[in-house]
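There are two complexes below, and they share chain A, which is joined by chain B in the first and by chain C in the second.
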Partner chain A sequence: MTLFWTTIGAILTLSIYSFLYKDNPFYKFAEHLVVGVSAGYYLVIYYWNYIDPNVVTPVFLLRVGADRIPLLGMDWWMALIPGILGLLLYMRFFPKVAWVGRWPLGIYVGGYAGLGLSPIMQARVITQLGANALPLAGVEDPFAAMTNLVLGISIFAVMTYLFVAKRSMGAGNKLVRAGVIVLAAVIGYVGYLALSLLSNAGVVSLTNILLVVGLLGTLSYFFFSMKHKGLLGGLARVGIVFLMVGFGASFGYTVMSRISLLIGRVGFLLHDWLHLID
Partner chain B sequence: MRRGIPLAITFLIGLFMLVDFFVPHYRVSDLAGEMKQWGTIVIAASILLGVGNLIRVHFHKIRRRRDGWQYSITTLLIMAVMFAFGGPWGTIQEGSAFNWMFLNMQVPLQSTMFSLLAFFIASAAYRAFRLRSAESGLLLTAAIIVMLGRVPLGQLLTRALPEQATLPWLTETIMAYPNMAAFRGILMGAALGVMAMGLRVILGIERSYLGGEK
Partner chain C sequence: MFEDGARPSAAGFSMWAVVVVAMALAALFLCPALALAQEDLEVAEPETTAPVLLAPPRGLSIVDTRNDRGGSVTLTWELSPDEADGLVTGYEIHRSADPDTGFAFSGRVPAGSDTYRDSGLEDGAEYYHKVAATDGGIESFSEIVGPTVAFPQWFNRARINVLIAVIIFVLAIVYFVTSARSGKELFIRRLPGLDEVDNAVGRATEMGKPILYISGLSSISDVATIAAINILGEVAKKTAEYNTRLIVPCADPIVMAVEQEVVKEAYAEVGRPDSYNDDDVFYLTRSQFAYVAGVNGIMVRQRPATILYMGMFFAESLVLAETGASVGAIQIAGTDAVTQLPFFITSCDYTLIGEELYAASAYLSREPVLLGGLKGQDTVKFVVGVLLIIGFIVATLAATGAIPTDFMAPLYVTG
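Showing the complex of A and B:
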């Protein structure tokens, strides 16, 4: 029986991969199967996790342990309001009264807009700023703090000079620009290693400075109320560097997550189904 | 009336959510909590509405014998089976038929669908990672380090080097600092955008969510 279901699973897996050749009936069948299974799953999950406990049970039934007694719950009328609002959404199936479906949308959109003002300011701006502005390590030792700061600033100065001030350097020559990048990366990395040999506090200080510079640069890049010239232009260029590293890292991370899924499915075919690998 | 009532509802609810933030009274926060619950239920109802719409679309397709109508039968049939297994009894329980369908059909089918993207993302990566400029060089370098640092090969290649020169360490550093700084900037920018949009919605300047009809 297990072999039967494994074979069905393998056939469906191969049907989906057949799309790599071209769109075909096997793929279409598997694709519609995925849509059907997912829709059925979410139908059940959303009903039992949200509608039933918050609307149906308080209004029509009272749960006592595992049993359900037909009795109105205490706040049944409060539960009736979202139930009615939810039902109003379905009015869009009746063109004459479809406009009533805007009322629950108004509640949802208005609520989210209200939450989007102050709470989001606190959660996503102020908290993030606090998490980003970390103290320099080693402040209790003035000499260590000074060394860290000088080293950190020097490394940033060199990197910024290479990336920003000398932007025109080799602008027409890709090889020279790529060389500049490699040189800057090597200088930054060697400086970082040297710093880590001197003190661990130096590394902490540097990374904390890096967070602040990166955040300022990124925000400057997205600040369009002024022309990107002078200091703002320089900061925006630094922002591009951080953004590119961030996008590269995120893209690389996404690629690897997809590849790991692929490895999982190939493992299923070769191990679970064909028993070719251990 | 058709647009005025929802606009008034939006204004009042939005304003109340703001009041809840500034007025820490239990009656206000209780009512605000209840309203947040209403929002969750409206979302759940809208998901069910989406499923209902899917059923309608496929039903029409079958009735009018449109191109590929046979596949729509598959969709409706498997949806009905899934609902029959889970609908009357509820959410995932160990050993139930619904749970079996979830573990043996939905999870592997969806993971296969997503793994299919590995092939397309590889072609996208080829275009994105080409060394055309200094900036794309950074993108390429960061991506290579992260990709290698996440697999055993990366560890194997650099295991003889000191810890701070190994690919897994570099990956962690890139993710924790430059990546974090950049994405915090984006997150904060997006939050400011959400706030501006929220204000427009509450004041009734932004009305696109009401649809095009009168």
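Showing the complex of A and C:
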């Protein structure tokens, strides 16, 4: 009997996979079967998980241990109002009073939106703000030495480019300008080495700087009230780079988990059904 | 012992009987003696290993837990002096409604803890507590403290910052809604994905094919679903104008009811109530992959020219979007599901990322109420950005010792 049901499962699995080739009667059969069975299954789930415990039992029945006595429960009036609102949804089937069916929808949607405002403000705004208002220096950071190196080189290179190369060499000679920037970077590195010997190097936190810059940039990207030009535009571009790096990492991670789902299904076919692998 | 046909002799039987009676008598007298000897051993045992008497915790004080919904009190005490020697492994809290008797175990905290929140109490009832330092065996109790009464607070003072933030948000919305209603032009930057909605509807009309609108698998309590319903209203107006078929398979019965109303309203608003077909906005199933199978079937058989994915999506996102791409549909997606956005970005023509989804309905409709909401969100984002900049400057100054404390930190704490 187990082999029979395993074979049914395998045939349905292969029927669904046949969609990879093209739409066909096997896929149609499996599709309609799974949609129909799941819709019926969820009807029962909805009744026993929502309607029975929230309306039927408190209004019409009283639980005494495992028994249910047909009496008004303690909180029957609290369940009755939502119950009536739920029934009003069915008014939409009667065209003359269909408008009444909008009342429960309005209460439902408005209620959820209103109730969600305060928790979202707490969890997604204020708590996140606290978690990201981080010190950019004065904390231990595994990349601190590298941060100072990058910052030293970058600042010196940019300053040199802005105040020396751009003014004195014109806009045309890109090769010379690139050479100046490289030279400036080397000078910046030597300067960094000298400074690190003289001062307490490693106090700037690369991790925190990346986090704060990424957050400000991403926040700027989702600012809709101004055109993305100038400073806001630059920040927004930084933000979209951070977003895409994050999405790329998420993509790779999720693809791996989907591969494991495929492996599970192939394992079912080859192990449980065909017994070809141990 | 007995062979077939043989009988035991009378003498042999008597001997066995004497032995059995003797053993019974011996057991009768010896067992209590053995038991007494065992008790002696148990009593005598502590004499060989001297008991360690722990110093109890002192200064026990109990107050009603502030800023809660009732039903709990908070106990604080001074640690047992024996903690320094590593003798204490934890503290046990006992409570009773009577100071003289009936103390029952309420909870345990590890060594080093000097506070405990005792919950599950009845509001308005009096309770007495005592706390014991324990090494796992011996318990050394503090004095009994009480009576203490638990009661709820109407106002959670630890969330005043949340209240202020909500007030700023609501005031900003009211201000911008009023401005928009008075005719003031409110600017919203261009959102390329939404500009394409018009083109996508036009494409479907020209090709004589339907538009498929999928509003995710979440319930109406999800903000993304509400945003998806708002966008559906605007899309439905356009499909009604162009007389293009709009198919909306739903995964939630309440969402289906709302979407039927929204689409019907949109068709009525543009003067085409008769074009609305109730059967085009229908319930499919709640089951995730059964829903995917059904929608995929619709895609390959109906061949929609345009597919819009708006709302909350889970693992089904890539399967849906890949099938949509395979039938040659132009696809526009919008979701705040961070883990699903990469799949939509790679397989759809345009993707609305996170909050762009919430902005979409205001962008499409230009209705004052929705625009006001969007501007209100931007105001909060601006305030958050400013607070963030101030926050990390102050945190940096505090961490490097330039100022004594990070005075901004308490602003972010909520209870």
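Worth a mention:
In this section, the second predicted complex is superposed on the first by the 198 of 278 C-alpha atoms of A that agree within 3 Å, B and C clash if a C-alpha of one lies under 4 Å from a C-alpha of the other, contacts with A are read in each partner's own complex, and residues count from 1 in each chain.
Please note the rule applied: contacts are C-beta pairs under 8 Å (C-beta built on N, C-alpha and C of every residue); 3 or more make two chains touch, one makes a residue touch a chain.
Just so we're clear, the structure is a prediction, and the values are computed from it rather than from any experiment.
When both complexes are superposed on chain A, chain B and chain C end up clashing with one another.
By the touch criterion defined above, A:G130 reaches chain C but does not reach chain B.
Contact with chain C, but none with chain B, is seen for A:D23 once the two complexes are overlaid on the shared chain. Of the two partner chains placed by superposition, only chain B is touched by A:R265; chain C is not. With both structures placed on the common chain, the touch criterion links A:L215 to chain B and to chain C. Comparing chain B with chain C, the partner in contact with more residues of chain A is B. Of the two partner chains, neither chain B nor chain C is touched by A:L276. After overlaying the two complexes on the shared chain, residue contacts for A:A39 are found with chain B and with chain C alike. By the touch criterion defined above, A:M226 lies against chain C but remains apart from chain B after alignment on the C-alpha atoms of chain A. Look at A:L3: by the touch rule set out above, it reaches neither chain B nor chain C. Once the two complexes are overlaid on chain A, the chain A residues touched by chain B in the first and by chain C in the second are 16, 19, 28, 30-31, 34-35, 37-39, 41-42, 45-46, 89, 92, 102, 105, 108-109, 112-113, 116-118, 120-121, 125, 129, 131-132, 212, 215, 219, 222, 243, 246-248, 250-251, 254, 258. Only residues 16, 19, 22-23, 27-28, 30-31, 34-35, 37-39, 41-42, 45-46, 89, 92, 101-102, 105, 108-109, 112-113, 116-118, 120-122, 125-127, 129-139, 203, 208, 212, 215-216, 219-220, 222-228, 243, 246-248, 250-251, 254, 258 of chain A touch chain C when the two sit together in their complex. Partner chain B is touched in their complex by these residues of chain A: 5, 9, 12-13, 16-17, 19-20, 28-52, 54-55, 78, 81-83, 85-87, 89-90, 92-93, 98-99, 102-121, 123-125, 128-129, 131-132, 163, 174, 177-178, 180-182, 185, 192-193, 196, 207, 210-215, 217-219, 221-222, 239-256, 258-259, 261-262, 264-265, 268. In the complex of the two chains, the chain C residues touching chain A come out as 159, 161-162, 165-166, 169, 187-189, 191, 220-221, 223, 226, 253-254, 257-258, 260-261, 283-287, 289-291, 293-294, 296-297, 300-301, 315, 318, 338-339, 341-343, 345-346, 353-356, 359, 374-375, 378, 380-382, 384-385, 387-389, 391-392, 394-396, 398-401, 408-409, 411-414.
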